Amino acid sequence: MADGESKDSETGRGPAARYRTGRVEAFSDGVLAIVITVLVLELEVPHSEDRPVWPVLLENWPSYLAYVVSFATIGAVWVTHTVITEYLDRVNSLFLRLNLLLLMVVSFLPYPTRLLAEYVGEPGERIVAVIYGGNLLLTSVLLSVLWRYAVHAGLVHPDFADTDVRTLTTHLTPGVASYLVMIGLGLFLPVFAVLGYLLIAIYIMVPVAAIWHRRRGLSAR
Amino acid sequence: MADGESKDSETGRGPAARYRTGRVEAFSDGVLAIVITVLVLELEVPHSEDRPVWPVLLENWPSYLAYVVSFATIGAVWVTHTVITEYLDRVNSLFLRLNLLLLMVVSFLPYPTRLLAEYVGEPGERIVAVIYGGNLLLTSVLLSVLWRYAVHAGLVHPDFADTDVRTLTTHLTPGVASYLVMIGLGLFLPVFAVLGYLLIAIYIMVPVAAIWHRRRGLSAR
Amino acid sequence: MADGESKDSETGRGPAARYRTGRVEAFSDGVLAIVITVLVLELEVPHSEDRPVWPVLLENWPSYLAYVVSFATIGAVWVTHTVITEYLDRVNSLFLRLNLLLLMVVSFLPYPTRLLAEYVGEPGERIVAVIYGGNLLLTSVLLSVLWRYAVHAGLVHPDFADTDVRTLTTHLTPGVASYLVMIGLGLFLPVFAVLGYLLIAIYIMVPVAAIWHRRRGLSAR
Amino acid sequence: MADGESKDSETGRGPAARYRTGRVEAFSDGVLAIVITVLVLELEVPHSEDRPVWPVLLENWPSYLAYVVSFATIGAVWVTHTVITEYLDRVNSLFLRLNLLLLMVVSFLPYPTRLLAEYVGEPGERIVAVIYGGNLLLTSVLLSVLWRYAVHAGLVHPDFADTDVRTLTTHLTPGVASYLVMIGLGLFLPVFAVLGYLLIAIYIMVPVAAIWHRRRGLSAR
C-alpha cells in the first residue's frame, strides 16, 4: 500500500503528488508573502516638530510610489509562480535550486525599494532607478528561466495542452523586454521608468491571471 | 482519471477544488499573519537614562493603543476573509487581483499605525487620525467589494442558502458606514475616533464569527 | 455528495473537518513562526570604533539571554497550542476570538524582550522584569483559558479519553503559578527571574511534548 | 471510523500521518521562510548627501556578500530539512525539541550576518567571522544530530532503503568538518572564510537536492 502510494505520488494524479510540489509551493508562498508584507517596514515616519504634518507626508511620495510598485511586482511574481507550479507534475533538484535563486532575487527587492524611496529627487536617482529596474529584470528573467526549464525537463503535467504551455511562455517574454526598455528610460527620466515598472507589473498580472482563469474554465466543461 | 479529477476540481466538491482556493487562502493567511505580527516591531523602546522607566513607558500609551486597534482590525479582516473564502466554490482572475489589492491596503496599515503612535497629542493628530481611518475604511470597502464581486460572479458554492449570503452582505455594510462616521469624529476628537475604530473591529468580529459558527452548526445537523 | 461531505466535515472524521480547524492552525502557526523569528531583529549590533569587538559583544549578554528566553517561551506556546488543536474536533466563534487574543498577547512579547535587553543592569530593570513576566503570565493564563473553554464548550474530539484531557489541564496550571512566583522574585532579583522564566518554558515544553508523544504512541497500538 | 483513521494516522500511510508531521513541517517552513526573507531588512541604505551614490553602494559590498552567504546557507538548511522530514514516518517529543533548538540557532543567523556586514574591513573582522562560522557550524551539527536521532529513534519510514538513509548521513558529515576548517581559516583570512561558507552552502545543497531527486526518480519507476 505504501508502495502503491509512492507510485501514485509520482504519476502526479493523487493528492500525494501535490503535497510534494506542495513543499516548494508552501515555502515560495511563505517567502513571497513575507517579502510583500515587510515592504511597509521600510517606510519612514517623518518627524516634523515645527511644521504641519500634511506637507511633510506629501513630500514622502517616492516612498509610497516605491511601495505600490514593489507590491504590484511581487504580486505579479506570485500570480505567475502560482500558475507555473499549477502546471507542474513534479519538481526536480535543479528546479529547486533555480527556485531558491529566484526567491533570493525577489527577497532582495525591499532594498532597492528603499534606495528608490531615499534617492528620488536627489542626484543619485538615475543610478538607483537602474538598480531597481535591474532587480526587476533579473526577477523576470529568472521566472522565465524557471518556466522554460520546467518545460524542457519534462516537469509539466502531460495533461496540459501544448498551446497552454506556449501561451505562458509567450506571456513571460515581453516582461523581460519591457524591463530592458524601462531601464534605458530610467537613465533619463527615472520617475517615469518607475511608473513604467508599475504598468509592467499590472500588464503581467492581467494575462497570466487570465490564463489561470481560462485554463480552469476549460477544464470545468 | 486525471481528467475526472480536473472536472471534480471544478465542481468544487472534491478536495482538489479546495486546494485551488487553498493557494489564495494560504497566501492571504500568510500576508495577514505577517502584517498582524510585525505591528510590534513598530513600537519604540523609550530611552530614559535620567528618569524612572515607569512614567516613560506610560507616556508611550498611544503606541499601545494603536497596536491594539490595528491588531483587532487585522484580526477582524482575517475572520471576515476566512468566512468569505469558506463560501467560495472557486476563484477567478479578477477575484485574485481584487484580493491582492485588499492585501496591499491591509499591509499598509502598520504605516498609519506608526504615524498615529507618533502624532497623538501633537498638532498633526487630527490629520493622522483621518489617514488611519481612511486606511481602515478602504480595507472595509475592499472586503465588501470582494464579497459582492464573488457573489455577482457566481463564485459562491451553490449549496449555500441565499439567506446566508445575504446575511454576510448585510453585516459587511455597517462597517463601511461606521468608519465614515468615525473619520468625521476624528477631525474633532482624534483619540475618541481611534477608540471608535477599536469598537468597530470588535463589532465586525462578533457577528461574522457568529455566521461562521451558525453556518457550521446548521450543516452539522 | 456535497451535502454528505458537509455532514462529514462537521462530525470531524473526514479530512474536511481538519481543514476547518486547519485555517485556525495555519494562521496561529504563521503568527507564532513570525513572532519567534522577528525576535532576532531586535538585537542591536554594537558599534565600537575604538574598542575591541569581543568585550562589546559580551556586554550585550542581556540581549542574548532575552532572545533565548523569549524563543523558548514562544516555542513552548507553539507546542502547547499544537497539542490543544490536536485534541479539537472543531472550533467555534468564541474560541476563534480567544485565540486571536492569545496571539495578540504572544505577538506583543518582542516588545518587553527589547525592554529587558535595554534595561538589565540599569535602574529600571525590576519594573521591566515584572512587565516581561506579566506578558508571560498573561500568555500562560490565556492558553489555559483557551483549553478550558474548548473542553467546556465540547470542542474536544469525543474519542479522546477524559484522563488525557485532565492531564493537559493539570499541566497547564503550574505554569501560571510559577510565573506568579517569578514575577515576585523579579522585584528583587530581576536577572534570576529571567532565568526562572527560561526554566518554566523548558519545564512546560517537556511534559506537554510528552503528552503529544504518549497519546500518539497509545493510538498507534 | 474515527478509530480506524487514528490507527491509519499512526502507521504513517494515510494522509493523516503526513498531516501530523505536517504541523512540524509547516512551522519549520514558516520559520525558515521568514528568517531567509528578513535578512534583507538588515541591509542599510547608505546616505551620501555630498558624494555620488555609486561608490557608496559599492563600499557596502560586505553587506551584499553576507546577504548572499546567509541566504544560500538557510536555503541549504531548508533543502536538507525538507529531505529529512520527507523520510520521516512520524515525529516524537524529543525530535520536536531538537527541531526547535535547530530553528533557534538558524533564526539567530541574521544577527552574525549583520555583525559581518558591519565589521568586515575593520579591526574586529576576525572575531566576527569566527562567530558567524560558529553559528553555521552549530546549525550544521544540529541538522546532523536531528537526522541521526530520527534514524536512531526509528522515526524513519520503514519503506526507505538503508542505503538511502546512509547516503544522507554521509552527506551531512562533511558539512560539519568543512565549517571547522573554515572557522580556522577565518582567524587569518576572514573574507576568504566567508567565501568558503558560500561554497559549503552550495556544496551541501547540490548532493542533498540530488538525493531528493534520485529517491523520487527511483520510486517513480
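Here the chain labels run A, B, C and D in written order, and each chain numbers its own residues starting at 1.
Here, contacts are C-beta pairs under 8 Å (C-beta built on N, C-alpha and C of every residue); 3 or more make two chains touch, one makes a residue touch a chain.
Given the structure is predicted, the values throughout are model-derived calculations rather than measurements.
Shared residue numbers account for under half of those found at the interface formed by chain A and chain B, and the copies are therefore classed as meeting with different residues.
Set against the C-alpha centre of chain B, every other chain centre is closer than that of D. Computed centre separation for the pair chain B/chain D is 34 angstrom, with centres defined by C-alpha atoms.
Computed from the mean C-alpha positions, the centre of chain A lies at a distance of 24 Å from the centre of chain D.
Shared interface positions of chain D, defined as residues touching 2 or more other chains, are 15, 26, 30, 34, 38, 41. The touch graph of these protein chains is a ring, one cycle where each chain has exactly two neighbours. Against chain C, in their complex, chain D makes its touches with residues 1-3, 5-7, 9-11, 15-16, 19-20, 23, 26-27, 30-31, 34-35, 38, 41-42, 90, 92-94, 96-97, 100, 103-104, 107-111, 114-115, 118-119, 123-124, 127-128, 131.
Here chain C touches chain D in the complex through residues 12-13, 15, 18, 25-26, 29-30, 32-34, 36-41, 43, 45, 47-48, 52-54, 57, 67-68, 71-72, 75, 78-79, 82, 157, 159, 205-206, 209-210, 212-213, 216, 219-220, going by the rule given at the top.
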